[in-house]
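Just below sit the structures, each encoded as structure tokens.
Note that subunit A is present in both complexes that follow, paired respectively with subunit B and with subunit C.
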Partner chain A sequence: MSEFDAIVVGAGPAGASAAIRLASSKKNVLLVEKSDPPGSKNVSGGVLWGNGLSAIIPDWEKSAPVERFVDTKSVAFLTQDSKIGIDFSSKKLEQKKTGYTVLRARLDQWLARKAKEAGAMVINGVTVEKLHVEDGRVTGIEQDGDVITSDAVILCEGANPRVAINSGLRKPLSDHDVAIGVKEVIKLPENTINERFHLKSGAGFACEYVLGYLKGGLEAGGFLYTNKDSISVGIVVSMSHLRKNNATYSYNMIEEFTAHPYIAPLLQGGEMQEYSAHLVQEGGLRSIPKLFGNGYMIAGDSAGFSFSNGLVLQGMNYAIDSGIAAADTFAAAYDRKNYTENSFKSYQDRLEASYVMRDMRTFKGIGDVTWSPFVHKKVPAMLETLMMGLFMEEGRPKKHMTRMLLDALSQNDMLRVSSLMDTYRMMRRM
Partner chain B sequence: MTLEIIVMVKQVPDKQEVVIDPVTMNLNRSLTRNVTNSADENALEAALRIKDKTGANVTVISMGPPQAETTMIECLARGADRAILASDRFFGGADTYPTGLTIAATISKTGKFDIIFAGEESSDSSTGHVGPGVAEFLDIDQITYASSVEYEDGHVIAERELEGGTEVVKVPLPVLVTVLLNSNTPRMQTLRRKIDATRKGIEMWDHDRIGLQPEWVGVRGSPTIVRKMNPIRERERAAKKIEVSSIGDLVDELYEKKILKLEDE
Partner chain C sequence: MKIEDRLSLLNYKTDKSYAHITIKPDICETCPDHFCTFACPAKCYTLIDGRLNFKYEDCVECGTCVVACAHDSVTWTNTKGAHGIKYKFG
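So, the complex of A and B:
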């Protein structure tokens, strides 16, 4: 007899969702989290997209500690002097809320409390060291020489899955699998934020930036999200790129971002409340390991379910849905009293049927596009040239728009076959 | 007979995160994370070391709001056998006098006690009153500021840290010992013990269970009245760059600015 039906490692969105789902169907579940309280070391931008939580907490939109619903979503290219962006604000986003800004320290504590209320045993402040394996089957976890047994273990360790790697369930992370995110939370009065971003109370602004001006030609994405009375601002830079530019530090890059002439005024007068850095899973489809085996399943970032398609950085939503899928797979296996690899096959099927794996497939090559000099250097420069051309009044007759676009393209060395291929590839992968 | 050891523990706001509300001047406890008072972890460790050798029973006792449960579970997870939280709205707002009284009464209610451990002081109020207060209420001997504690044959032998030296004392049971901060390395909580502690749970005792009248405890039982609290205002530092060409010039300059003085001035 095992001590628990299931053990979930890690109380991020993936693990907490799995535990809530399992406990709600009366499974005897242990959720182990290394930080105390849960979430105190976790980092997201973050906008929680989608309605995944409704499957486990129907009234979550009312009770969860969300900051603001996103009513303006923007994407912008930044050059040294300019910002060229697209804003999408819509009454439709107010009626049907598609995303909320969140602060993880609050969200994760709330989720852990929900897991406890549902009946899970939640233990934080302890790091799981490894999986316990008997006859080729995972039958529990090990910590400080003790074995805690269970019929199955669901690994939800996040972006740096030490247990999965040490147990050989996932390959060690390569530079291509991860990016580094650095983030600051800047405190500002609620009213100031509302005025600065033209927001009604409760409504929020979320923007992703392509940073085309960083020192040393580094490629990084920036983000800025409004919370109730603070702003989350940060950068994401790919590990391989950072490695190539050894002399650059990620904390200098965030300073370059927040000092930009069109970013600094948004943060002006704010007080830094939090500073954090975290790995981001960016490997996409090719970094996804085998998701299940005898006695175990892997969900969330640990399984590589996170990426940016250039417009939004996502991961919490995939974490929640994959956590729930793992819990449902366990419940079905529980009814059969069979926890073998074969019995967990339906985990893969559940994910393939949901948007989790479909998104991973749709955007499988996106990394090559979002992390390319084409997007980070040429596009911003070309857009700036084009805009300057359009709005400059020099007392001369203006050129035709098409002519101007062609000029802008050629000035920025984009009228080559390779660049046209890049454009084509970008459109296809997005 | 099994030795009965009591450890007094207090839950305190994490020092690094303490925020004083500039308007109300209250400690804003809602924003801060709560932790076990550090010296109390040393007190518990001292008790557990005696338990390791003698098989003693270790009971942790705290007075505080229900959320202090996390601290109590932590103590169980480190190896305590029983946890009692004296919790009651009547206990709120206590100064050190009713705090000592409430804890002493709770200890009496547990029955036999041989050694009582407390921390030297709390990190949030730091009066160091409560341990000695409990010893007085129970009318037993006390050893304060102990850096090491051994049990031997009906006695506690403790080393006390004094200015300019140490003192070794041997005191017969029952005795209360207050333990110095950082005097030992508390053992880790393990997952196994945390699971067992969570299953076992803690006991909550109210004033009735302890046998205390509401007017003896909490705010009503407190002789001190806090009129006003003043946060320490940071003083502007007069840092200035002085350009001088020699040490002599610098001394002259400092003298003129009245930063240096002559001895007989």
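So, the complex of A and C:
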């Protein structure tokens, strides 16, 4: 007889969602979190996209500690001197809120509280060392020699899943699996943010940047999100690119970003409140391990469910939905009293049928595009040439716009067959 | 802002009796790249007179170094007993 029906390791969005779902269907569930309070070791950009939480917490937006709803979503290329971007602001984003900026220390603490309210037992400050295995089946967790038993364990450890790795359920992370995220939270008065970003009260701005100007030719992405009275700003650099460079300090790269002529004014007068960093799961489909086995399932970042398609960085939404899928799979197994690998097969089916695995498949190989010199160097340089051509007024007759585009492409070495292939590849993978 | 100043904004509950990350100095001694010194966002790995110096106390538990080290010098475990970094915002 097990002490718990299920144990969930890790109280982030995946783990808390799984625990809430399980507790709501009267399962005896333990949610174990190494930090205290929960959330105090967690970092994300971050924008929580989607409405996944509504499945477990109706009207979650009313009580969740969200910062602002995203009503302006932008993407921009930055060169040394320029910003070339697209802004999308819409009344439609206000009516149908699709994303909220969040701060994880606040959000995750709230989620853990919701799990407790739903009936889960939540323990903080306890680090799971390894899985307890009996007869080839995971039947609990171990900590300092103590065993807590359960019929199954759902691993939701985040982007650095030590228990899954130590138990051989996930291969040690390698360069192609991860990027390094470095972030700063800059305090600014709410009104200043509203004025600076042209936002109504409660509305937010979220932008992802392609950084094509960093020293050493490093390719990195930037992000800037408005919170209620602070700004989250940061960079994401792939491990393999930083390794190839081997001359740039990750903690200095963010300074290069925040000093850009079109980023610095957005942060001006702000006071840094926090510096943070975390691995980011970036490998996409090829990083995803076997998701289930005898007595266990893996969800969220631990399973590699996070990536950027170049326009938007997502992860928390996949975490929530995979956590719920794992809980539902457990509930079905519970009815059969069968916690073998075979019984958890429907976890994969649930994910394949949902947008989680579909997105992973649709955007497989996107990393080759988002982390390419083509996107980081050639495209921004070409766009800058084109814009200068379009808007320079030199008192001379203007060229036809098509001619300008061709000139811009040619000046930036983009009319070659290889560049056309790059363009084709980019369009296909996006 | 210097990284040291940025790190000074953070709250830690330092575990004085347990280092959650350890390195093998003999491996670091002959390391050809010392990529950890560039990759670690908390400047826990520094070269002092050509020798690698590591301190776990400033670690923000991001997980970077264990992937960054291609020479199997880094052993990474989770902090215990709610020790380590405590973010207010995250």
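One rule holds in what follows: the second predicted complex is superposed on the first by the 430 of 430 C-alpha atoms of A that agree within 3 Å, B and C clash if a C-alpha of one lies under 4 Å from a C-alpha of the other, contacts with A are read in each partner's own complex, and residues count from 1 in each chain.
As a convention for this text, a residue touches a chain if its C-beta (ideal position, glycine included) is under 8 Å from a C-beta of that chain, and two chains touch if they have at least 3 such contacts.
Small disclaimer: the values here were computed from a predicted structure and weren't measured.
In the superposition on chain A, contact of A:17 is made with neither subunit B nor subunit C. Contact with neither subunit B nor subunit C is seen for A:308 once the two complexes are overlaid on the shared chain. Counting the residues of subunit A touched by each of subunit B and subunit C gives the higher count for C.
In the superposed pair of complexes, A:101 makes contact with neither subunit B nor subunit C.
By the touch criterion stated above, A:148 is placed in contact with subunit B alone, subunit C being left untouched. In the superposition on chain A, contact is made by A:125 with both subunit B and subunit C. By the document's definition of touching, of the two partners only subunit C reaches A:272; subunit B does not. In the superposition on chain A, A:322 makes contact with neither subunit B nor subunit C. In the superposition on chain A, A:41 contacts subunit C only, with no contact to subunit B. Shared interface residues of subunit A (contacting subunit B in one complex, subunit C in the other): 40, 125, 128. Of all the residues in subunit C, the ones that touch subunit A in their complex are 1, 3, 6-7, 9-10, 33, 35, 37-43, 60-64, 66-68, 70, 76-82, 84-90. By the touch criterion stated above, subunit A contacts subunit C in their complex at residues 34-36, 39-44, 103-106, 108, 124-125, 127-128, 159-160, 162, 172-175, 177-178, 180-182, 184-185, 230, 232, 239, 242-243, 245-252, 255, 272-279.
Those residues of subunit A that touch subunit B in the complex are listed here as 3, 30, 32, 37, 40, 121, 123, 125-126, 128, 141, 143-144, 146, 148. By the touch criterion stated above, subunit B contacts subunit A in their complex at residues 33, 74, 188-192, 194-195, 198-199.
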